[in-house]
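In the two assemblies presented below, subunit A is common to both, partnered first by subunit B and then by subunit C.
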Partner chain A sequence: MSDAQQPSDFEPTSVADDFEAVDIFPSSEDMDLRPGADNCYKCTSCDTSCPVAEVNEDFPGPKFQGPEQWRLKRHEDVDIDDSIMSCSNCMRCDDACPSSVPLSQMHNTARGEYVEEHLDKLSREYLRNRMLSNYRTLASIGSKIPRLSNFVMGLGITSVLGEKIMGIPSERDVPEFATETFRQWWKKRGGSKVSNPDKQVAYFHGCYSNFNTVEVGKAMVRVFEEFGYEVLVPKQQCSGTPMFANGMLKDARREAEVNVRELGEAIDNGAEVIASCTSCSMALRQEYPELFDIEGIEELSEHTWEALEFLRVHEDIGQAIQESEVDPQAFAYHAPCHARNQGLDRQAVELFRDLDGVTIEDVGESCSGISGTYGWKSEKYETSMKIGAEMFDHMEHAEGDVGMTECPTCAMQMNHGTGYEIRHPLELLEEALV
Partner chain B sequence: MSSKPHVIVIGGGSTGCGIARDLAMRGLDVTLVEQGNLTHGTTGRMHGLLHSGGRYAVADQASAKECMIENRILRDIASHCVEETGGLFVKRPEDTEEYFQKKLEGCKECDIPVEVLSGDEARELEPYLAKDIDKAIRVPDGAIDPFRLCVANAASAEEHGARIETHAPVVDVLKEGDEVVGVEVEHESGPGKRVHREPGTREEIRGDYVVNATGAWAGQIGEMAGLEQEIEVRPGKGVMTIMNTRQVDTVINRCKPKGDADIVVPHETTAILGTTDVEVDDPEDYPEEQWEVDLMIDTLKELVPIIEEARTIRSFWGVRPLYEPPGTGTSDSTDITRDFFLLDHADRDGVENFTSIVGGKFTTYRMMGEDISDHVCDKLGIDAECRTDEVPLPGSDDFSVLRDYMDEFGIRSPIGRRSAQRLGSRTDEVLDYDGPNPVVCECEAVTRAEVQDGIEGSGSDLNAVRLRTRASMGNCQGAFCCHRMAAELYDEYDEETAYTAWDELYQERWKGERHAMWGRQLSQAALKYSLHGTTMNRDKDAATTDTVISDFNAFDTGVGASPSDGATGAAATDGGKRGDD
Partner chain C sequence: MAIEEDVIVIGGGLAGSIAALEAADSEASVRLITYKKSTLRHASGLIDVLGYLDEEEPVADPFSAVSKLPDDHPYSIAGEAAIRDGLDRFDEAVGDTYQGNHTDSNALVPTFGGAVKPTARYPAAAAAGLASDSREMLVVGFEEITDYNASMLADHLAAADVPFAVDGVELNFPGTYANDSRVTRFAKRLDNDEDVEYDGQTMGAREALADAVKPHVGDAERVGFPAFLGDEHTAEVRSDLERHLGVDVFEIPMGPPSFPGMRLADQMKDALDEAGVHISAGNPVIDYETDGDEIDAVIVDSKGREVPHYAEEFVLATGGLVGKGIDSDRDGTVEEPIFDCHIPHSEDRYDWFEQEAFGDQPFAHFGVRIDEGMRPLDADGNPEFPNLRAAGAVVGGTDTVTEKSQSGVSLTTGVVAGQRASERAAKREVSQ
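And then the complex of A and B:
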């Protein structure tokens, strides 16, 4: 275009909404994300927001992992740099990017390729990662005999062997299994106490609320029933979050197919899908349509909510909270990265600061550092704790000595770094309203 | 002068470099002079297609056959400059079956290996091809980097004793009677490698024979030699538009008779759209027009629809040195033959020791070099065999890009892979670098080691470093690396030299960027401008002007001052003037 003339059909920069590579390819393994690099101006906002790059100077950062690496690819190139395994999939880069580069999609896809093409399927790393990302399978076995499992996992020898054999840091305490899973409780309870075909929600409890923090799931049910919702608990698998983070895209797809089908049925009957874990809602909303082409996946994405978010939009929960009161208590609240990416990082603080008896303080913007399974790997433990240091520090300076967060693994990290008990917003909501 | 005959080659494009290498390998004393950088003329402004000959298989079968022969040779001797992408001639529903069959038959007649693919097969190979492409012919087209090729040819010539002088425009052709005895050049910064700010010098270079391989500029050299009959090169300009990423990894040609905007060539990290053909008067001065760029995108989106939405990073124009013997009188320049002509001026004009080579195309540069070298040797009475068809160029010896770059060189695998794709068998020599080796150009994955190798080869000329390494040729167009490249010049070169070289690189980048000033590339340019303007004063560096600033109050009256405190006309803090909203 000559510099003297204006383009006749000038259109403002198009955003990533019209980036449609996903529709063309059957699966993420074959996905060509090079066009996504078009949106990158190299501004480096993503690198400055990356918690891993902040503490690990060998990590080349999201700009390299995403748009740069993809742009450098040629058809026949299969090698992905091994540094992709150091990305924790916190997805902060997605949020930081001012021009909608599909960073986490690029990272997830590259990681999937790396694991598929380069990681030895018999290596300790692969087996350990496979195990961690299939936590649900592990947990469903462990929780058949919860007391024995908890006893064995609590033994010093178990943690030494875990470190030596599997590369799981002995510093961490394996979460205890509940003696009764959420689904067992649900069945015993006889399902929903409310019947209301016009107000139905399908609860995606995820693995952790089912096997470990059952009280979060129970709180979700009671709170929603309080507002007159009929809660459905469809059959469900893992959301896939730990699988994306470990490049196990085939496992994730297998789980996603079940979730899309089962939750899709509920959606067809008029229900909205509610998750109590912000990483689960993130997976269903963003990663599913970015990585898989499954019928109904867009609908699921559009009808998925985080629990508090849903109530804040659909019910006058603010009023209800203002009219309530609880025993005096103070919380150090941490917003999980995945909540941040969904714009939910302020919801708990904004809601509970109006609750009589409660003091709640946001402990800042830093990442907790655990990022799901990331901090559960011996070689990543130190990085994980370095990232978490700022949050630990802020928690200790906060007035409260009880932590609060929506994410179960952030909760583990908060507890690990400070020794605080950690609660979920739904638990406080239950205390206030039910 | 040595006892060996001395041949002067004018022109540092593919043809000139090819001739210089060929003659030097035959044992002659060779000097190559070039007015700018190597590839300054047409070679640096082509779309990087290594022809299979498919494009000429219907209309110009002699050229097609030559292309296929040379294509095979270059895959061998220039492996690090060639990417074996393969090519497709795709047929849209409105293109005729008759021409498709003609193309297929033509290719077969010219020994070009072909395979017919269905539309679905073609899309399986190239998923971004338009859904309505009927079918395609697969041919062994390739992509070739003209910069690397010329640099490698020149390096090989130097290894065989040749002297290469860039930035040395010929100002006169020296004659004694009817004999050409040399040329006079003006070195922009003295002989040898270019160093900015060194004073220029003139030099008379005497030789036994002069070859004019200046393509579109051949007529001008001919005039200096006082030829009675003009060398009628008919320069035809063509636009090429560079996309930010590779939408295709295969060369995509449209299967129809000649037309504008009918090819997409994957080139390094980009894809190049081409082209147009409009005759121009002056190869140095012609309009670069918007409609040409628009035409590329509007037409080629019929083959690869995603191009319409994709980001372009720049456009450039090249001038084809088309030639036709006097009296042919072809009216449409697209019909002029792509064949090359050797004009011996002794026969043609009665001027001895002087030959021009005109016309032709990039893919057959080596063959042209061989022909003219045979001719020169014949004239000089030398019996020497051409070996350029079997001896690999420097960097093209047997080599594998598959290695562990982190272990070997401490660099990330995509960086190492791209470096090795560029450096070929020179990889170890260049990347085995003493000291920290950070990435200088992130878009193209160029490390300090490679930039330093470029500087070693071409002096303080950052544009020459760019051509050797691709640094600053990626999507940010130098926003994040121009200054880093300039910093690499220090301390071998002083600060002022580095600044001058840096400015020159800016200007060169801007020349092509300004043709992509919409959408995302406009944002990119704005970011580049503000980064460099606000953090490095590169919009106007006070240190580089002669103005002495005595009244600092004129710039900022300080905290608490109301706007009215400043006198009208004084500079406001935003750089504008007070009082002129």
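And then the complex of A and C:
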């Protein structure tokens, strides 16, 4: 862990301006990105791990975007290079760097500054990015009339207009809204079926499990209840993941304030926070404390888990799986980049290998290429598909013809590239254990 | 409940991988915990055992030279048989993608500075480039790659009195590239045989590259390229080039980003996966818990949460000063950060280095000292813990960079640590 990761009075978009050249001893510094920049010894591990640099000749790579650009910026006449908008925020560079340079933190702050100061707020790019990053707002409107929304979004003309007006690639099928959101289902169900003040978890379902893949949220509830947990579903906003990736740090902060407050209450009452989407858990655990100074944000970070990770540590899930059996099925599993960064890339494969009836194969280290909203931009679509090509190829060579992943946008990309149905590990857990 | 194994290996480089593979060969359940990408990825991919005893002459046969090493050298402690075991386990893991196991003698492999490195194993991709081979050689460089100059490389080789004629030529890599293009772009292009514009035509990158090189081959019977001939499909790229050119093609190991290093890291990961080793990557081990005098669990910092991982036996393979298995500070501290194992060093940091850059640097010897079971020793020479073993660059006592022995030390200490750990874990299981 770098000493640059714990901000105090940190205002990401102004850090560069406030900087004064200094003392080279990191211990005397409160918060700036210099120790991170100084720790870089140019080993290129980040550059060779960057999926965008691998396919995009013009993208200078994380070593430039992070430490080198940070240093260049010490000169007042140097602006953030616009290539920062081509970074997909997969955060693989964080995972690669042997010197713990906080690369994604550097990218997030640089992107925030670039969007704030250099992107025209009336430009199509800004408006489209703002819309994509505020998917929750969009989805909450669309899902009020799910059937009509799905019908309209499925029309050819909508897709053509999306491409022409908004810069949304017409190749992609807009995800369908569930006819009943997770929260509506939860309310109708009357909340948790288990009451247990000593074993409570607060579910952070995120936007996608609420509006689209409701079955993932339901599986989470049933699996945790099976292990005797009382599930709470606090009020919540977007985790902020798409906002970081688009440099919309103000939007992200607004959402984070609600999440920290609401989930913080549950934590104060003894609950641990569980996410089913690995980008949501990533945001709450790493990006929140790196980017915002909000009271309780550290506690939220320390008490947030990905669902399977939590069960592996707190329950004998290995034993439960070994004693279970499901109908024969084979999966091509893809580990999302953000799962990788939390050390979770192997857990589904290692667990389900021991489940009778299941064949599961890791389709390799490559990135799916969609990176949330990234692949939803016309100008990034080609890059997105080039990055994904390796994964599609490995999926097709895997025995299974059903995909599996924790990340909803990776799932979209996997489906888009192969036509496979994609499932979440929680759904298989539910099938095996409930 | 919780994560529990027979053997836990900390560190995912060469030493950790071999220790985990060796332990998994028994019935032991093994988990390898690795934090960031290992230094193996920037390494040359060459497996050296012992290249030099002194500055003058390269070592011809490392096995016969081992007896000349001091008693506290890791090789002297582990013994010659262990060096062979380490190489055998490595050979088994990499199969025919590596060569050199037909002899005890060192091979002489040209590297990108024009030096010739004595090494025990080398990638099959480097095989046609050996300096002991008397066939005429052409070395190809590219204007786009600034840290590698073919003419200089050829001159250096000639100056080293190699037994063959060698020439260097600098070309443009077919297609158009940014000024600061990296070797990864060229490698990818060749790996996928992407179309490029060359000589007014559109053709596959492999064929275009061969066409560009062909006029310069002359009497050469082998052609050397920077080590970027593909990534996943490297054997295919090489054989395609050989077919187009009609001569042998080989790679010359380079600095980072190093494809031979990255390929080896990938191969190790595949071997671990195949052996059923559990892998936890991305989070660091920061602490441990004891039960009596033994280590009971190591604590993994899972993004701010401390998650214990239990095992009977532990192997510390976290690397040296570069791999960050050893840390140093301006206040004179030199430490092994997880278990705080004893590392002999002067408290005055001005004693850590010599003025002469390539002199006998004390810092190069930093590392834990071990017993014959690879257990790190405390200041009094007793094992720090009965169930902790060390492998790879975290083990000190010799300057592996100067003597060109780091890979060999990693394999040797790794294989012994893995063996002993799984044996002791099995015994404990029987007695419980």
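Methods note: the second predicted complex is superposed on the first by the 396 of 434 C-alpha atoms of A that agree within 3 Å, B and C clash if a C-alpha of one lies under 4 Å from a C-alpha of the other, contacts with A are read in each partner's own complex, and residues count from 1 in each chain.
Assume a residue touches a chain if its C-beta (ideal position, glycine included) is under 8 Å from a C-beta of that chain, and two chains touch if they have at least 3 such contacts.
Source: prediction; values computed, not measured.
In the superposed model, A:H394 lies in contact with neither subunit B nor subunit C.
By the touch criterion defined above, A:K250 reaches neither subunit B nor subunit C. In the superposed model, A:R261 lies in contact with neither subunit B nor subunit C. Shared-chain residue A:K199: touches no atom of subunit B or subunit C.
Looking at the shared chain after the overlay, A:P35 reaches subunit B, while subunit C stays out of its contact range. Applying the stated contact rule after C-alpha superposition, one finds that A:C43 touches each of subunit B and subunit C.
In the superposed pair of complexes, A:K73 makes contact with subunit B only, with no contact to subunit C. Of the two partner chains placed by superposition, only subunit B is touched by A:D82; subunit C is not. By the touch criterion defined above, A:R222 reaches neither subunit B nor subunit C.
Where the contact sets of subunit A with subunit B and with subunit C meet, they give residues 1, 25, 43, 60, 99. Residue ranges on subunit B touching subunit A, taken from their complex, read 83, 85, 127-128, 244-247, 249-250, 266, 269, 287-290, 293-294, 306, 309-311, 315, 402, 406, 412-415, 417-418, 442-445, 474-476, 479-480, 514-520, 522-524, 527. Residue ranges of subunit A in contact with subunit C, taken from their complex: 1, 25, 43-45, 47-49, 53-55, 57-58, 60-61, 95-100, 285-286, 289, 298, 301-303, 305, 309, 312-316, 340-346, 350, 362. Considering their complex, residues 1-3, 36-39, 41-42, 177-178, 180-182, 184-185, 188, 256-257, 262, 273, 278-284, 300-305, 307, 323-324, 330 of subunit C touch subunit A. For subunit A in complex with subunit B, the touching residues are 1-3, 5, 7-8, 10-14, 18, 24-25, 32, 34-35, 37-43, 60, 63-64, 68-77, 79-83, 99.
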